[in-house]
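Just below sit the structures, each encoded as structure tokens.
Same chain, two partners: chain A is paired with chain B first, then with chain C.
The block that comes next holds the complex of A and B.
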């Protein structure tokens, strides 16, 4: 399956099917991270209910220092 | 000792009129100390994509809960992108205070007033408390006021330049001609410049680079806070103006050695 992570193409291995699986693989600490799927913010409780499909666009966002 | 009334914006009361940007600090702990020691009440933060490999700590854990979080829309090149960032901040963390920052010039990093006005219209209508970062222009300021901005944030000089109030005359016009609080942002490099902005009637001052890259950010933050406070008191105090000739401070009669 092919998805887009922060705008970049990424091929997922076959054992990853839900958004929750994916987040666990790519982030060691998900505290404070905002996850957007196809333009919608996904709350933590909903992540295991959502299965990923080809062409999904995932954005990983967080608050950073800024003026 | 607290003689000057606090700044009130959207139901919040702000005593410390020095707003701090959180970028460029050596560490998050250092930034947190500056906020705590100087009792900073408003900070700005940005939103960025996470590099999965870097996986850094959560910035928000270093900002005390009672501090007002203002999310900037830095990275937005047009109104639409600024609106998207604001909505994301609200949805993800309940943030209501947005510094609208729309920049599509990479050399001077000047804000695009036209796009900013469009973003103010949309976000104010959605109930956000919006602070447009702007080039000090009276027509733009009026449009932002009409569109529902909570305050305006004219630049003192170019972002990060530390050149102070290069745009002083134009900021002064905004202070005089709009009824919105004016928060001077960008280019403020020294506490004396911050005081100068407050002396001419600014409602608050925001700085980041000057503090974050200081040798001692803790002392720098406190110096800015005190300068902003002094400037505010000076504005309220309305000092006697300059005179061309000498004017004695002591009575000119009853001298002890008069014959």
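The block that comes next holds the complex of A and C.
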């Protein structure tokens, strides 16, 4: 499957079919990460329910809370 | 210095076409509140005061510590142990006697935010935790007062300008993260150039807002070490409970944590919510912290001469202080909440 990760094309291996798989395989650390799928921020509780499809656009944003 | 010298004071600003004499005059009649006087807050307040914003209110609950001085520009070694808000205000009055600088040594909470912020034209974020930002966000959207979020971590920074119509911070963070799910400067560190740069962008946008000009849209993200700068074209979530649904639950005092001083002079914080704390997740966010111990029932660590114990039922006990503000501040710094 081909997706766009932070604007760049990325080919996902066949063992990744859901957002949950993507998080487990691609993200080394989910802590503090905001995940946007096709322009919509995905709540943490919903991340396990979502399947990925060809052409999906994922944006990963590391939230910065220090001041 | 007399007001007749105002023109020469701001001469270099006035020469910039974007500002001019009208813009400078507009800023002199505006009132800005800076919440948090740490690294972002001191840089923000410094630039606002030098830039000629008419009235500035500084709000912070903390005292100056040695570890602050590498990045918190209004403090020097002799200020250690003094309240940050008062110290910063004193320095800024020396910088610019043409403006008014006030301070409050307080924790901003749902019960007092209206009384503190009412009547100000703009709220600047110098805070260090997510709950207070969500509180500011709710107030801002409800009352139509713009605020400028800034955040730092390691070598990275972020800025977003939030106005009444949205998008707002809750479009980005729809729910409060759990304990242990936030990275903080206490564990990740922060390069001292990052808050200076982040605050410079926040204040540039503040000048635009105060002059009635259009500020930047989207979420600015950067990593100054990697020289990587981008603006994320962030859009309003039509389902956002705050800027969409006008539900302001962070302003509700019932959703605030309960803080009490116990008989043994320790401080207990009970977080709102019902889910159990994930102690192993919290432990993973505190890697490298002194004397970190975790078992299935509780997590314990030492910081700044105090002992912090987190229980699964959302209770936190902080031993070594009986000051609620010190305890809350310590918890915010290490857990980012």
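Operating definition for what follows: the second predicted complex is superposed on the first by the 63 of 67 C-alpha atoms of A that agree within 3 Å, B and C clash if a C-alpha of one lies under 4 Å from a C-alpha of the other, contacts with A are read in each partner's own complex, and residues count from 1 in each chain.
We adopt the following convention: contacts are C-beta pairs under 8 Å (C-beta built on N, C-alpha and C of every residue); 3 or more make two chains touch, one makes a residue touch a chain.
This is a predicted model, so every value here is computed, not measured.
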With the two structures laid over each other on chain A, which partner does A:14 touch: chain B (first), chain C (second), both, or neither? neither
Kindly classify A:28 by the partners it touches after superposition: chain B alone (first), chain C alone (second), both, or neither? first
Applying the touch criterion given at the start, work out whether A:60 contacts chain B, chain C, both or neither, answering first, second, both or neither. first
Who touches more of chain A, chain B or chain C? B
Which partner does A:41 contact after superposing on A: first (chain B), second (chain C), both, neither? both
Based on the superposed arrangement, let me know which partner A:5 touches: chain B (first), chain C (second), both, or neither? first
Overlap of the chain B and chain C footprints on chain A, listed as residue numbers: 31-32, 34, 41, 59, 61-67
In the complex, chain A residues that touch chain C: 31-32, 34, 39-41, 43-45, 59, 61-67
Quick check: in the complex, which residue numbers of chain B touch chain A? 21-25, 28, 31, 44-50, 52, 55-61, 71-72, 74, 88, 91-93, 159, 185-186, 206-209, 212
The residues of chain A that touch chain B in their complex are 5-7, 26-29, 31-34, 36, 41, 59-67
Along chain C, where are the residues that touch chain A in the complex? 36, 38-41, 125-130, 133, 150-153, 156-158, 171-175, 177, 180-185, 188, 190, 195, 219, 221, 232, 235, 237, 284-285, 336
